[in-house]
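Here the chain labels run A, B, C, D and E in written order, and each chain numbers its own residues starting at 1.
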C-alpha cells in the first residue's frame, strides 16, 4: 500500500516545500580539493567509543594507512594524506568546541597513497569477512548520523530485516553531494547496495530518489539493470520532492509503505536504511579494501563565491575548502554544516571536515529566529507541516509557561527535529528548540522516576 | 583570503524560513476586506466611513494603551488590532454613531483580547465580541433604522430607514423581504451585489467572495470551515424552503470566511474545523428561524468559539506512526 | 473544638477587617452568586446586603449565646438550622414591609441560607469568641458584604441605567451592557482587578490575589 | 479506540438512565380528559402557529365540520372561546384555524357540539420538555444568566476532570432533590399552609438526599463513590441545588416541569462547567495581566460566555 | 450539612446510646425552638404581607383608574368547576373580608345557573382559579375595570393589570411582576411602552399587533408627555396623535420583540376575555351596585 502521487511515492502527511536552491551546484561535477598542508582528525567522529591512535608522534604515514584503531564499538581512522603525525592534542571540533585529535602535516617524504588492489573473490566473501572489511575501512553512515556501518549491519541482521532502503532522496535544500555521487558512481552504488543487503540479510533493495533528479534515477536504473546477478533485486523508486522525504521513517513509508512506530528504528518493520554515499564506500571497502579517506560535500549558499561539489580529504580545514570555493562572499553571516533545515550552525571556519558532514551552506542576512518571535496565533500550519502529526504549537506554549512535563501527550518525545514546524511558523517561533527543551525535560523526569 | 577566526552567528535551526509572517497574514486579511469596506462606504455614505475609522481607532489605541500599561512591546505593526477594528466595523449597522463604534473597538480589544494577554490567547473572536457588546449596549442603533442603500449613483443618502431582509423575513415573510430589496437589479442581484440594507461590510457578497478568494489563494484560510458553515446553514434552513435566501443574506459570508476562520479562536485540526463549522452553520440557522434575532451568525460563532477548546481536546492530529505492521 | 485563649481583636479592627482586608466578595471571593445577580442597582445591593447583615449578626449572636447547649457533634447542622431560621424570618419580614424591593431579590434572599460566608463566620468566630466580639465580627462581615454589593450595584446602575439609587443621572442609558448578566460579570472582574492593584500598591505587593472560594 | 470509547461513555451512563426516564415521559403524561370516554377523537395536535389538527376515529359529516360545531378556548379561559377562522375537513381529519397563535406548551380545551365531545388539550410533553429544557439549560443558564452556583463554578472549573465529575454529580443530585422537594412541597407544605418553613425544609431535604445518595453509592458502587463522592460532599449547602426547589415551589409547577427544570438546570450547569474548564485550561497558557490573574479573569471569561450565550435568547421551536 | 457531619465525625466513633440520645434531644430542642420562632414570625408578618400586597394592588387600581376618594372597588374572583363545566364568579368589596360575597354561576356558554348573594367567605374546594378583576364605581356610577392578567414572557410569566374605562377602552396597563432582561425586555414596564395601549377600544385591541418598526419621534414624545402627566388632563399633542396611532400596531421595544409581544398578547387576551365575561356579569352586578 505504498502511497503514491501519480506514479511518484511519498510519505503520509506533513512536510514542506522550501525553495530547493540546488541549481548552483547540481550541474557541477565533483571536484577534488588540492591536498591540504595539514589535516586534523578528531578521534571521535562517529557514534561509539573514540578511536585509539596506533601511530606515534613524528611517524610518517602514507595516505590510506591506518592511524587509529576503532576499539569494540567504533571504527578505525586512516590517514587521508601522506605526512607526518603530530602529537594528539585538543583541536577545534565542529560540534564539540574542542576534542582530542590526531593531526598530520602534509609531507611528500611519506610516500604516495597506499595501493588497494582488487580482491577477485569480492562478491562471494563470507559474512564475517565482509563486515570486517566494512569496519576496517572506517565506514560510518554518510547521510549525517555517522553511526558505524558495521554495527548497524549487525543489528539489522539480528533484527531479521528483509528490505534494504537506499536513501538517495537528498531532500535538504541546497545540497547536491548525494546527487553528484549517484551520477558519478551509479554502478558502484548499486553493487554496494547489494553487498549491504547481503550483509544485513535483506532480500530486496529499493533506492528512493526524489523526482527532481531524473538523470540520477536513469543512471541508477541502468546500473540496476546491468547487475550481473539477480538474487537480490534492486529497484529505483522515484519519490516526490518534498522535505523531509529523506528522513528515515518518511522514506521507508514512501518506498515500501511500511510504517515505523514512534520511537523505534526501521528495523522494527524489517527495514534497513542506508545512504547512497555509504553504499559507494562499502563497495570500495569490500572490493578493494579501500578505507574511507575522503568526504564528498556540497559547498554552497549565497555566502560562497563559487559553489561547488567538493571531494576533500577528511580532516581538511573548512577554511581550505571555503577558499577552494572562492572564499566567502561579503555579508556572509552564518555557516551551516549539513543542510539548512536540520544542519547545525558552526561558529568558525578553523574546524576540520569530519565524516558526517555532507554539506556546508553559507548564508547571508539574519537568521529566521534572530529577531525574536511572536505569540502562537494557532494558525495550525505546524500541525499540517509536522510529518509525524505532533503538536509543536501545544508543546511550545506549554514550554513557554514552564509546563514542560505536560508536553508528552502532544508528542514532544517523538520529535526528530526535522524543522518543518519552525520553517512554516508565521510567528517565527523556535518550535524545534521548544521541542528539544520539552524532550530533554521529559527524559530527565523519566530518568528520575526510574531511578527512584 | 578568508579569516579563519571569523565568528559566524550561531542561530538555531532550521536556517530557512517561509516568507509568511503574522503581520503579512493580518495585512493581507485587512487588504482583502478593503473592497467590501469601500462598497459599504459607497452605498451607505460617509457615516459608514466614520464607523469604520472610529472602530479601527478604538481598537488600535486600546491595544497600544494596554500594551503600554502591561509593559509589553507594542505590536501595532502586526495589523491584528486594525483587523479586529475593521472586521467589527463591517459587522455593525451603518446607523451607528462614530463614538459607539469607537467604544465597540475598545471593548473588543480590551476585554476580548488584551485581558487574556493579547494576540494568540483570546478565546472568543474579539471583533464579534465587540459586535455583541454593541448589540447589548446600543440595541436601538444596532437593530433598527437601517440605512437604505443608495442606487447606482443615485441621490445621496437621506434619512430613509428600513429593515434588513432577514428582519423582514422573520417578521413579515418572504414577500415582504422581496419587496424590501426591490431594486433595479432584482432580489438575487441585490443580495449578491450589495444594494440592500445591512451591516456595512456584509452586503456585497461578490466583493466578500473576492476577498475570500485572495485569502484562499494565498492559503491564509482553507475551505474547511467556510464550507461546513454553509453546509450547516443549508441543512438547518432546508425545511423553511428558503435555504438559498438564508445563504445569500445577512452576514453569513463575512462570518464564514473571515470570522469563523480566525486562527486563534477556531480549532486547528481539519476534522475539528468541520465540526466547528457545521456547529456554526446549524446554530445560525436555528437562531435565524427559531431564535430571538433575525441574524444569527455572530452569536453562533461566539458559541462555537466557546466550544473550540473542547474540540481541540477531542480532535488531535492523526499521528503518522501509531502501529507498525509490514504491509 | 477548643476555645482560643488569645484575646479577640477590638471592635473597630473587626469591623474594618470585614470591610477591607477580608472583604467577603472582593477578597475572600465567597458568596459570589448574589454579587452578580442582584446588583443591577444600588438599592437591590443594599437590600440584600441588609438581609445578609441581619442574618449574619443574628446568627452570630444566637450561636454565641447558645453554644453552651449545642452538642459539638451536631454543631454544623444546628448552625445551618439557626441560619435557615433567621433567613426565613428576614425573608418574611422583608416581604411584608418592603414588598416592592423584595420582589426583585426574593429568590436570592432565600438563598442566603447557602452562603458560605455566614456559616464560616459562625464556625471560625462566633462559636469560639464571646458575645461582643462576635457581634462586631458579624457586623464587619455583613457591612463588608453590603458595601461590596452596593459598590457593584453603583457601577452597574450608573453605567447600565444611567442612574444612581433610582435617580436618573443621564437622559439615556449610557452602557446598557452593564445591566445585563454579561456586564455583571465584567463589573466584578474589573472591580476585583482594581482592588488587586490597589492592594498591591498599598501593601507593596506582598499579599496574594483574591483566592477562589469553594462554597456558594 | 474501544477503550477510549468506553472511557468516554462511562460518565454518560447515569444520563442514559435519565434519558430513558425522559423517553417514558409521554407515557406518564396524564391522559386527556374527554367527556366521551376518549372514543370519538383519536388525536389532537397543534400545528404552529395557529392550527389544530383533530383526527376523529370515524369520518364526519359535512354538517359536523362547520365552524360552529367547534369551540376552542384557552384552558385558563374556558368561558371565552377564541375565534375560529376556518375549518377544513378531509375524511377523519379536521383542521381548525384559530384566530390567535397557539403554543403546544399551553393547555387548551376543545369542545365539539355534534357529536358532543369535550377534549382537554394538555401541553405536549415533548414541547414542554424541549421548551423548558432549552430554557433552563441554555437560555436561562443558571450560571450565565441567573448567577447561581458561581462558587462551585469558579472553584471547580480549573481542572476538566473535576468539572466533568462535578457536572455529572450535580445533575444527578439536582434531579433527586428537586423531585423529593417537589413532593414535599406539593403534598405537605402547600396543603398544610406551611410555606414559611420552605427554606428550612428544603435545606433539610437536600441534606437528607445527599446523605442518602452518598450512603447508597458507597454501598452499591464503591468505585463510583470514590470518583464522585468528593463532589457529593461539596454539594449540600450549595445555592444552585437549593434554588431549583425554591423556583419550582414559586412557580407551583407540575411534576414533569419540576423534573425537566432540574434536568435542564443540571445539564446547563454541567455544560457551563465543562466549557469553562476547557477555557481555563487554555487560559493557563495565556499571559494574563497580573491584576486579572485568578478570579478576575475567570469572571471576565464568564462574562464573555454570558455574552455568547445571549445568542440562545428567545429560542422557541414552537413559535 | 452531611458533609460537615462527616468531617466532624470522622473517623466515626462507636455509637454510644447515651451520646445519641443527647444529640437527638439537642436536635429536637433546636427544631422545636426553630419551629416556634418561625411560626411566631410567620404569624407576625403574614398580616403585613397580605396588607402590603393589598395596598399595592389598591394603589395600582386607584392610580390606573384615577379614582377619587368617593370610589369603591369590587373584587371579582373567577373559578372553574371543571366537573360541572361551570364558571363561578365571587364578588365582594375589595379588601373587606367581612363584606358579603355575591356568587354567580354560569355555564361555559353563558347561561346563568345559580345565584347567591351571601356566599361563604371561602370558595368551595376543588375549583380552579381563573383570575381576578376589579370593578370600580365612583359615586355609584361605573368608573372602570382593572383586569389581572398573565402572559408567558421571555423568561417567566409576566403578571400585569389592564385598566379599562366604562366603555371598555384601555385606560392604562401596569406590569406587576416580570423577570425580563433589564434594559431590554424590562422596558415593557416603562410608562412610554405601556402608554401605547391607552385609548384603544376593545375592537382595536382585538386586532392589535406588534411591529418592529421604530416608533415615530412625535409619537414617542407624545407618549412621554402623557406618561408624565400625573392624573391631570392628557396633553394635547397626545390627544391628537392617539387618533392616528391607536389603530396601528404596538411598537416593540428595540431588541425585545418577544417581551413586547408577550405583554401585548396578554393585554389582548385579558380584554377579549373580559368583554365576554362582562356581558354576562354586567346585569348581575349592575343592579346591586345601582341599589347601593
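Methods note: a residue touches a chain if its C-beta (ideal position, glycine included) is under 8 Å from a C-beta of that chain, and two chains touch if they have at least 3 such contacts.
Remember, it's a predicted structure, so these values are computed and weren't measured experimentally.
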item	value
Given subunit B and subunit D, the chains that contact each of them	A, C, E
Chain whose averaged C-alpha position falls nearest the assembly-wide average	B
Per Cα centroids, the chain farthest from subunit A	E
Comparison of C-D and A-D (more C-beta pairs in contact)	C-D
Mean-CA-position distance for subunit E and subunit B (Å)	47
Where subunit C and subunit E are represented by their mean Cα positions, the distance between them in whole Å	34
Chain centre separation in whole Å, for subunit C relative to subunit B (CA means)	42
Mean-CA-position distance for subunit E and subunit A (Å)	88
Per-residue overlap in subunit E, given as positions that touch at least 2 other chains	1, 4, 34, 38, 41-42, 46, 154, 181, 184, 258
Shared-contact residues (touching 2 or more other chains) in subunit A	375
Junction residues of subunit D - those touching two or more other chains	196-197, 200, 203, 207, 234, 237, 285, 287, 289, 292, 297, 300, 303-304, 307, 310, 313-314
Chain pairs in mutual contact under the definition given at the outset	A-B, A-D, B-C, B-D, B-E, C-D, C-E, D-E
Subunit B residues touching subunit C - in the complex, by the definition given at the top	103, 111, 133, 136-139
In the complex with subunit D, residue positions of subunit E that touch it	1-4, 6, 34-35, 38-39, 41-42, 46, 80, 82, 85, 87, 106, 108, 110, 130-131, 150, 152, 154-157, 181, 258, 265, 269, 272-273, 276-277
Residues of subunit B defined as touching subunit E within the complex	135, 139-140, 142-145, 161, 163, 167, 171, 292
Footprint of subunit C on subunit E - complex, ascending	1, 4-5, 8-9, 19, 22-23, 26-27, 29-31, 34, 37-38, 41-42, 45-46, 48-49, 51-53, 56, 177, 181-184
Subunit B residues touching subunit A - in the complex, by the definition given at the top	1-18, 20-22, 24-25, 75, 78, 117-121, 263-264, 268-269, 316-327
